[in-house]
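These are the structures, in structure tokens.
Below, chain A partners chain B and then partners chain C, in two separate complexes.
On to the complex of A and B.
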């Protein structure tokens, strides 16, 4: 008897109890989470410190001083304004353009499939390279776009080198690179919509504008929300296009969060200020994500309820 | 075989025969250039090794972090000589300048021991030094057991050498008695005029002698040369690099400073004096009238390539930009000329601010003594002569290289006026900034303010007052003001 019991024991030694199983299964996710949280909390700690690499002897906790300094610092408010403006303009325009293109390409055909693939090409170019390409094209002396602008009477148009047109120029690059992203998401959404409501509307002779605003758009809203969320989070953290084209200038015209934080860290070695800027940026993106996800869930619930 | 020739080269290396005499003797002996070169390298290696144990660290290895630059190219071309001399293995990573200093900051701030030595600018050592990332090289320079007796530390141009030495006190004078030698100068740039002689002749413009004449000449060139050519190329990007070349050289020539240092060592911004405002007004107006249309995106690269391509008539920037644009495949090769420039009509001589590519030792270097062997070889006279005469290692930092007749003749032949320009402005050449850890904050904001002024977003007076207010606030926050 004793020998039989001994034989059974090893099997039970490796058995994971039903209670422990969820924890064990979530262990990999927990490890990844720790890998993300350690740098995050390190940044939070740095943001509460007076910490310049060039003055290691002066490093100390100053608690909220970095954040309080922002309140009276016009450069910070400019950064906040420019970042939100940039994100708002790019996402709105990309959404409108992306939706328009997706509607044009909605019908499956060889030519539409070919065009949709071609339109994805800018998305495959690194944004920094796209910015350099546009920098050449917008060169006031020899750029092709400057030449085209002169044909329509815009002589001496200075693109990214003028504070009046710098935002417009980087927005154009952003649109060129990222509109295909929205287009492809919305195109997938459009092509997956059920056909019955559209067929019924066609039978009833419902006007196209009514179909678009009352059927297409409401059914497409979850896709629009998803695309907007992704683009908004990305564009409020924009760095490469703006830095490659203007380094944040002229003046402080385009000193968005990431550019300002980068310059603070790598050029000024002001770790404390750089970290505080990035924590504020995190707070903004976190809030935006929450708003969007809540709306997305609400829409999904509504759709289920209606179903 | 070749004993007489070897004696002749040895005599040259001992300083008993000048370079011309040596070459004449070698020519008379019927030696082909290639053989003479091989023999020279062999004998100079032997001469280097004669008085100093270069093999003391044989078998060790070093790793360098380098910026893509003709100075690095010259060193790499001659690196085998160092390996043969010392038995030290050397590997290196080369990065383009756009990302180079980010890489250096990342490597040093993480305490990485990957790199033993690296290229740097003197301004960067004002961050790296106090941060404890680099080593004070005085310990090695002053130790006769670790430094080759032929190293000739006194041979370095004083203004350049002192610009790499700082005591670490914010506002402390460069090259002071208590200064730490954070880096060894390797090659340097003065800021003067490089201009297109043909365009000057076409427009009937004489070489300007001061800032007013410079503005007038640039305006006339823009108007008269035609073909979209603009008169004056200067940097304009939102970066510290916009302030340090022509701009600060001219500014310093009027006796103006970036910061004031009080008796108790406190710093305050000094850019809103009446003289500074007058200088800024003229500078801004010159760019508005005769600068490139997209000036606010201009780095050294655009300034240089425009001159080389014939898009600009002159530049007030690094002299070596004018040097490189006058050769190679550049459209304007052979058409460029040089002139020393004193912006202030009342000044007796130019006061070019300088950029110094230097070599520094990482505080995390695995073997500092072996690293110092590399640094003293790379900044030694033999390598400087090699770089200056066989490669494009301009401007050398050793006085003896500038005295070398072959080097001077080579420059005079292909780059007329370059040596003369250098000799006239060298006495006043040094770093004119105040050494302090917020250098990049001050200069980047200064550049952004210049951009606003040129774009007419803010009047000069108001812009400078705002700049001073902002800099003073930052200095106070950092405990320096």
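On to the complex of A and C.
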């Protein structure tokens, strides 16, 4: 610190360039931003138009009609229901499972570190490929999971090809891929907690359930919030796993927002409806991401502070 | 905390074993399947004891698949090449664009800096199709449909926020005093950036690059929407392969193994940085 105070700013000639420098440095990133914002605004315009690729001549502004139609459209309510259900179930289960595993692995030991690295592998597999792996394992004629299901008396258990169990199957794949994400974040959080409160509690013989609910959980809350919001933001937009596994089927069982928008655009070529769906999804994620970013920034400050 | 009862230790071990089995079994099983002939795969009950064959990998690598109905051409090696090319180039572009910007955001508070940084961050959480669907039309007008150039540009949506926010954190961790001292010794701004800031942030930049590579490699939806068969990476190619080759399950399994090996290897290599990368710099491992 002393060096900056005594030596002040060097050379005067570079003052002008110093002012422009950060702009010059961030200009390319800024241009990419603009390049992305243009299609975003185009999507907003599409969402206010009657626009079908099959009938380009009939393209015209219909203002809020695409959105108003949703109110009486059972397919839209199904999309909303399935998306919320999918996000709710996956994130809740992943949080419980991830927290449990993180607690099991909390103590630093060779075996625990080894296991935590192994558990990261599913997270590093492309979700679309993970879905294909599970597709092979749940194949009705040779899949190992279909075979195991038949051993416990579930003959003809059809996994993703039956409307009754399709949601369960994709949720299972999501859990397999993303639980490690929550686990690794919470594990890092657990291991960064100060040790004194725990030592004091152990010394006083405080019951362990009390320690968990009154010390561990409150101190872990910022990490839990960030991990949960992170996952919620991704999960409500899930596309890869569901599309690779069932393409939204069977029927419309799994037509979550992005899958429905994709099918609307490419199969029924209804660009207006597709764009309106995505704008609604964007509004949901934008609201969530504002909450998320606040939390995320707080954690980031803390991580920088420790460095 | 070593006052655990034997019962508890057994319960913990059982729980951990179940966890490891659940998360590792699919990888293990697909790996086995990739060395099996279709007859072995279709036999019931499934067995772990079999005579392994490399025929699946051979078929993928030569691009010729012998089936009962004749020889089938498979372009999987092409997909693998596309994945490597797209991921490497996208990360290189993101590093060239992102590292200077990260440095600017870390060192200078300037008008709009936080706005740009947060706009980039918000791309990470916006529905990708919202941008991709209008882009299909822009790409047609611009002649960018099904070009590597167009794909690499869109891949910046994943790579750039990651690079920017992680590398920014590494630059913030370096004390600015070192750079001041070097500047005072008469060196130019660029020399300071190149000789002092870059080497000090080097490991962080490398880790961010590796992570961006993993995310680019694993991306599915960008290429699904914007690329035709000859430009598709493995994630999209493997899905197309399933529908085209029908029941060649052994080859599908080996295609999956080949597709996931690079990211798994890199993840093991860079695991020390994974926590920080996955949380975009919010949590340190």
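What to note about this one:
Going forward, the second predicted complex is superposed on the first by the 254 of 307 C-alpha atoms of A that agree within 3 Å, B and C clash if a C-alpha of one lies under 4 Å from a C-alpha of the other, contacts with A are read in each partner's own complex, and residues count from 1 in each chain.
By definition in this document, a residue touches a chain if its C-beta (ideal position, glycine included) is under 8 Å from a C-beta of that chain, and two chains touch if they have at least 3 such contacts.
Everything numeric in this text was worked out from a predicted model, so none of it was measured.
With both structures placed on the common chain, the touch criterion links A:141 to chain B and to chain C. Touch criterion met: A:120 reaches chain C, while chain B stays clear of it.
When chain B and chain C are set side by side, the one touching more residues of chain A is C. Once the two complexes are overlaid on the shared chain, A:285 sits against chain C while remaining clear of chain B.
Touch criterion met: A:240 reaches chain C, while chain B stays clear of it.
With both structures placed on the common chain, the touch criterion links A:152 to neither chain B nor chain C.
In the overlay built on the shared chain, the residue A:203 is in contact with neither chain B nor chain C. Contact with chain B, but none with chain C, is seen for A:56 once the two complexes are overlaid on the shared chain. When the two complexes are overlaid on their common chain A, residue A:69 makes contact with chain B while staying clear of chain C. Shared contact residues of chain A with chain B and chain C: 135, 139, 141.
Only residues 1, 12, 15-16, 19-20, 22-24, 26-27, 29-30, 33, 41-46, 96-98, 100-101, 103-105, 107-108, 110, 113, 116, 118-123, 125-135, 137-138, 153, 156-157, 160, 164, 169, 172-173, 176-177, 180-181, 183-184, 186, 189, 214, 217-221, 224-225, 234-236, 238-239, 242, 249, 252-253, 256, 259-260, 263-264, 266-268, 271, 274-276, 278-285 of chain C touch chain A when the two sit together in their complex. Taken in their complex, chain A has these residues touching chain B: 52-56, 58, 69, 75, 135, 139-141, 156, 158-164, 245-252, 263, 266-270.
Chain B meets chain A in the complex at residues 101-102, 105, 109, 126-127, 130-132, 228, 237-240, 292-297, 311, 437-438, 440-441, 444, 447-449, 451-452, 454-455, 457-458, 470, 477-479. On the chain A side of its complex with chain C, the touching residues are 1, 3-4, 7, 10-11, 14, 17-18, 21-23, 25-26, 28-30, 32-33, 35-40, 42-43, 46, 100-101, 104-105, 107, 115, 117-130, 132-137, 139, 141-142, 144, 147, 176, 179-181, 184-185, 188-189, 192, 198, 202, 223, 226, 230, 233-234, 237, 239-240, 243-244, 257-258, 261-262, 265, 271, 274-275, 278-279, 281-282, 285-286, 288-289, 292-293, 296-297, 299-300, 303-304, 306-307.
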